[in-house]
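Here come two complexes built around chain A, the first alongside chain B, the second alongside chain C.
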Partner chain A sequence: MNITWTRRRTALSRFWRDYRRQRAGLYGAAILIAAVALALLTPLVTDPAGMDVTRATGAKMAAPSLDFPLGTDESGRSVLLMTLWGSRVSLLIGFMSALLSMTIGTVTGIAAGHFRGWTSAVLLRITDWFLVLPSLVLALVLAAILGGGTSTIILAIGVTSWASTARLIRAQTLSVEARPYIERSRALGAGHWHIMTRHVLPNVAPLVLANTTLQVASAIVAESTLAFLGADSGKVSWGGMLRGSYDWGAATSGAWWYVLAPGLCIVAVVMAFTLCGRALEAVLNPRLRGVSR
Partner chain B sequence: MTERRENAGERGSLLEARDLHVEFASRGRRARAVDGVNLAVGEGEIVALVGESGCGKTTLARTLLGLERPTSGSVLYGGAPLSYSSRALKAYRREVQLVLQDPTGSLNPRHTVYEAVAEGPRIHGMSDERDRVVSALARTGLRPPERFLHSYPHELSGGQRQRVVIAGALALDPRVLVADEPVASLDASVRGEILALLLRLRDELGLSALVVTHDLGLAWNIADRVAVMYLGRIVESGPVEQVLRSPTHPYTQALLSVLPESPSPVVLSGEPPDPTRIPGGCRFHPRCQVLAAGAAARAGVEGRCRSQPLAILPVSPFSADSHAACHYAGARLE
Partner chain C sequence: MTAPSEVDPGTPFDVEPAGPAGPGGERGARRTVLRYALAKAGGAVLSIGMVIVATFFLFRLIPGDPAIAYTRDVPLDPAQLDRLRHQMGLDKPLMQQFLDFVGRTLTLDLGTSYEYKRPVADLIAERVGPTLVLVGTGLVIAVSLGLWQGTRAAWKHGSRFDRFSTGLSLVLWSVPTFWLGLLLLMVFAAGVGPIPGIFPTRGMEDVDAPDGPLYLLHVAHHLVLPCLTLVAVVYAQYLLVMRSSLLDEIGQDYVTTARAKGLRDDQVRRRHAVPNALLPTVTLVFIHIGFVVGGAVSVETVYSWPGLGLLFYEAIQGPDFAVMQGTFMVVCTAVIVMNTLADVAYHVLDPRVRSA
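What follows is the complex of A and B.
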């Protein structure tokens, strides 16, 4: 299947050519690659012992210096070190809960768009229910009931944020299902599974990809918010650091580094994901591109 | 065409609709899209179903394929009523296949020709997938088949795409093709090729076909028998020469009169037909030019035209008789 490979490569290079035209998307991608690389390299270049409050070496709330480029926190730990290790938790929760949310949203959306009658009605009512529910409150309750831990936070964010995705995917599914090749496939004897996986899913996949990227951004914000409100995973994350700075009155006592470091990181990463998501959407969604394929 | 019909001989019907009704809910009202239809396609026979848009011919075709369930009446295949269990329907798909109007829309733009043609065999778990694809493509005139296997639909011409769609149907070795306006979206030059292909497939494989069309010229070129549909009901049916050369139903006469070579066109007046409001009496009477001209009154059937419904026309495959559902035509015969 050499030809298939050549075609895939051409498609990929065409995608890259279109994506390159999205200047903001390129900046976003650059920031993301840097952030992910730093998060992955952190255990190799830093010593996790510095994260232990009992073995912290710095002074309390010390201003940035050569030893501690971003200052220290209330127990003398390096804020730079905490920001680096915190990025791992924030990004992991962001990615995983976005993945969970997209999976639930895509499956529900395709099923609600493909099936008619009561299946679709029930799925849509459930979707509506999650859509109107204040998701942050629900996530907070879920996190409190299920107890602390990274997977709990992932679950709490993922389960509460899929509804708008499901709506979006359902709309796209309906438009794909109206095409004549679905009718042809049905006349050939295709069942629900065949139509959903062979025709609908490949058609909604670009939309899913673009939406996942946007979802990661909002999941990181959600994680930070949950951590700030006290529902954290038990590990240092950016949101957890903000919570700490608030608890110890860092802003009022002039320890700006404690607030700004995690705050700016959240802004930068969320913005990068949003830029990438928008660029992907513009490249992959034929409706936004204005050309139907 | 005459000799083909003689070769076919008198055999039973392969695909048959018996007193078929299909209704839809349309803005709170019942739309009777198919309102009592008898239709039969014999083995190796090509039947044309002719009518204007909205007359229910596509719904009838979809119901014959089992894609739509009849409200009442039945679809018979090989003499047995169609079962709507998913297993039975899947088996039925190998016997009766569909060719749609728009070959561009009928092919998934993300699938290659090979994937498009192999879709049927894959669904039915047939083992010799590649051989089937290659031979189906060759049968539809895409030669050499290997050249087309890895093409995408957008790289093909409209005629080639329709051949791919037909090949996709043939890959299942069906016995009946239901073609819904198979050439309506093609260039005139390609049209003839696709029609010749359908005729060749009938001769080579003994394939029966129901060709749904609004084009009387197409019916004339390809069909053995023709059924003219108006507002959910077949109003005239019979051998193609009889129906198209000497039509007895005023609606068929009006359709034929607007062909370019006809001397005096009859332009139908009145509202276009609405399946949610089927008129009483003869369903064609509000637009009937024979009634409007007073000929029906002179024949003494005007009252019946306006109030007495007509019986559903009987059909049998390979029948040499033509029938028309018309009070006026009936009165003149007597």
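What follows is the complex of A and C.
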């Protein structure tokens, strides 16, 4: 076992000790683990045939009963089953688009902070442009133009939500690059690539982690909103279910189960991600520790 | 969507240190402000230019022939189709098409709707009013409520009120706007169990809308639920921003000084801490205007409020790319202009930024 690994292990156990103190973060993590486990187990414990409109067995828009604990939708499918399968689509799109957004944001942020002059100015202008524009409207336009599909939705959300990350990472990069050891390594002949990947990236990584967690939360909200407004991936997601409930007029005709089930799932998962993200931030950013924020 | 405001990357725009405050004094300061305003206006023009360029190239990515899309798949013989393509300028080289597009856009000719066969600019003009009513009312309520509650929460931070406020804004932030709209629709417009619905479910006015002053009341009655939804989602952000901004001020020396002078707690808050905390908050209010616009699309869709957001939503369902394109450009331009105004106002109002 070499020395770096021992150091990393102690750092990790220290991190866990600090994180454990964040009660809200623990609740968030518990909800998340449960949600991801359910999403992964769904294909093993349920029959996808129930998702097929033509083979649905229930009555149309039936209230919750023993056979259908969360009632049925307009074509007689079990809302519980749809919610379980929908979690897979919502979580997948949430994770993937957050990943895409974080990658673009981190690369742009580090580059904008590291380089001077033109590169930085152009990158900053593009970042500000994306920051100011209404991202939901832009994502809707992208999804409408590129046509449906899971990857389109991931792209539309990822491409429109990276700007605040880039800002954050740039600020952090600037403060890292002002430290003397960067100057030392530059004097020893380190190039741009070496400084950015070996010195800046490890230093901003914790921030990226905390921010990704928060980003997943907003990506899931964005996905559900896009699906509700008609830009869906073609598969049943929580937002798509709510869209179905709206088209059918579930909210005004008293079919509360169809509105509540997917909506509460979105809120629970999004809150869990937000709580985890805030807990991570509190642990990784000691400046926040004293003040109760 | 933006992340909760506390993780906002500080000031979302550059605070450029103005040159050394030389002997120029007041006049020098004014000139700096003017130069700053001009630079920002230039930036805004550039941003709007980027919107136009991006729009042109984005909407050329649409698969299929725009002429066929325009006819809505009504079969045409090749000669008719060619004539239509010529009318739409599709037979010209790309560069020429681009220049034509820029020229038309600058003269506010936004094309013809596929759906309505009417100028997009007219459609947009008809829909601006309702959106302004909804977003304007919503913003005024959200800002006043958010600032008030944020101030109270920060001043007594750690108190029950503070924990309640932070918790509430976390929950509201996690709730998708449209779902909150559906919930309110379910409870207050459709009614739950024995409780009847007390608000209309859709639109801005009914066919039997009364005339005169009663008309305002009629619209206000329709406005309650959409406005409530928008406020709930937006005000949480302002609350959090105001709270963290005031928390930053509370630790400052001048607040301690004000207390040491023997000022009452109330005076320290109202006369010293809040004005300083207000400036960054007010700017963030404008920075978040893009988020508000996104919220307005959802809200207008859920309640069929006849504004720009609903027009945009209908264009997506069509799809009516001409309307989508026009609405997109108009909304983006409005957001950029608002932001720039806020940015310059901030610079004028806050001397700390100028002489940093």
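Definition applied: the second predicted complex is superposed on the first by the 285 of 293 C-alpha atoms of A that agree within 3 Å, B and C clash if a C-alpha of one lies under 4 Å from a C-alpha of the other, contacts with A are read in each partner's own complex, and residues count from 1 in each chain.
Methods note: a contact is a pair of C-beta atoms (placed from the backbone, for glycine too) under 8 Å apart; a residue touches a chain by one contact, two chains touch by 3 or more.
Nothing here was measured: the structure is a model prediction, and the numbers come from that model.
Colleague: Now for A:V132: first (chain B), second (chain C), both, or neither, which partner does it touch?
Modeller: After superposition on chain A, A:V132 lies in contact with chain C alone.
Colleague: Is A:N203 touching anything from chain B or chain C once the two structures are fitted on A? First, second, both or neither.
Modeller: So A:N203 only meets chain B here.
Colleague: Does chain B (first) or chain C (second) touch A:G189, or do both, or does neither?
Modeller: Touch status of A:G189: first partner only.
Colleague: Which holds for A:S245: it touches chain B only (first), chain C only (second), both, or neither?
Modeller: After superposition on chain A, A:S245 lies in contact with chain C alone.
Colleague: Contacts for A:T225 in the overlay, against chain B (first) and chain C (second): which applies, first, second, both or neither?
Modeller: Only chain C; A:T225 stays clear of chain B.
Colleague: Which of the two, chain B or chain C, is in touch with more residues of chain A?
Modeller: Result: the larger residue contact count on chain A belongs to C.
Colleague: Once the structures are superposed on A, label A:G117 by its partner contacts, choosing first (chain B), second (chain C), both or neither.
Modeller: Touch status of A:G117: no partner.
Colleague: Which residues form the common part of the chain A surface touched by chain B and by chain C?
Modeller: 293
Colleague: Spell out the part of chain A that touches chain C in their complex, as residue ranges.
Modeller: Residue positions touching the partner: 124-125, 128-129, 131-138, 140-142, 144-147, 161, 164-165, 167-168, 170-171, 210-211, 214-215, 217-219, 221-222, 224-225, 228-231, 239, 242, 245-246, 251-254, 256, 259, 263, 266-267, 270-271, 274-275, 277-278, 281, 291-293.
Colleague: Given the complex with chain B, which residues does chain A contribute to the contact?
Modeller: 3-4, 7, 179-181, 183-191, 194, 198-199, 202-203, 293
Colleague: What residues of chain B sit close enough to touch chain A in their complex?
Modeller: Against chain A, chain B makes touches at 65, 67, 86, 89-90, 93-94, 97-98, 100-102, 105-110, 119-120, 123-124, 150, 165, 168-169, 172.
Colleague: Chain A touches which residues of chain C in the complex?
Modeller: Residues 1-4, 6-10, 12-14, 43, 46-47, 50-51, 58-59, 61-63, 157-158, 170-171, 173-179, 182-183, 185-186, 189-190, 201, 244, 247, 287, 290-291, 293-294, 297-298, 301-302, 312-313, 316-317, 319, 321, 324, 328, 331-332, 335-336, 339.
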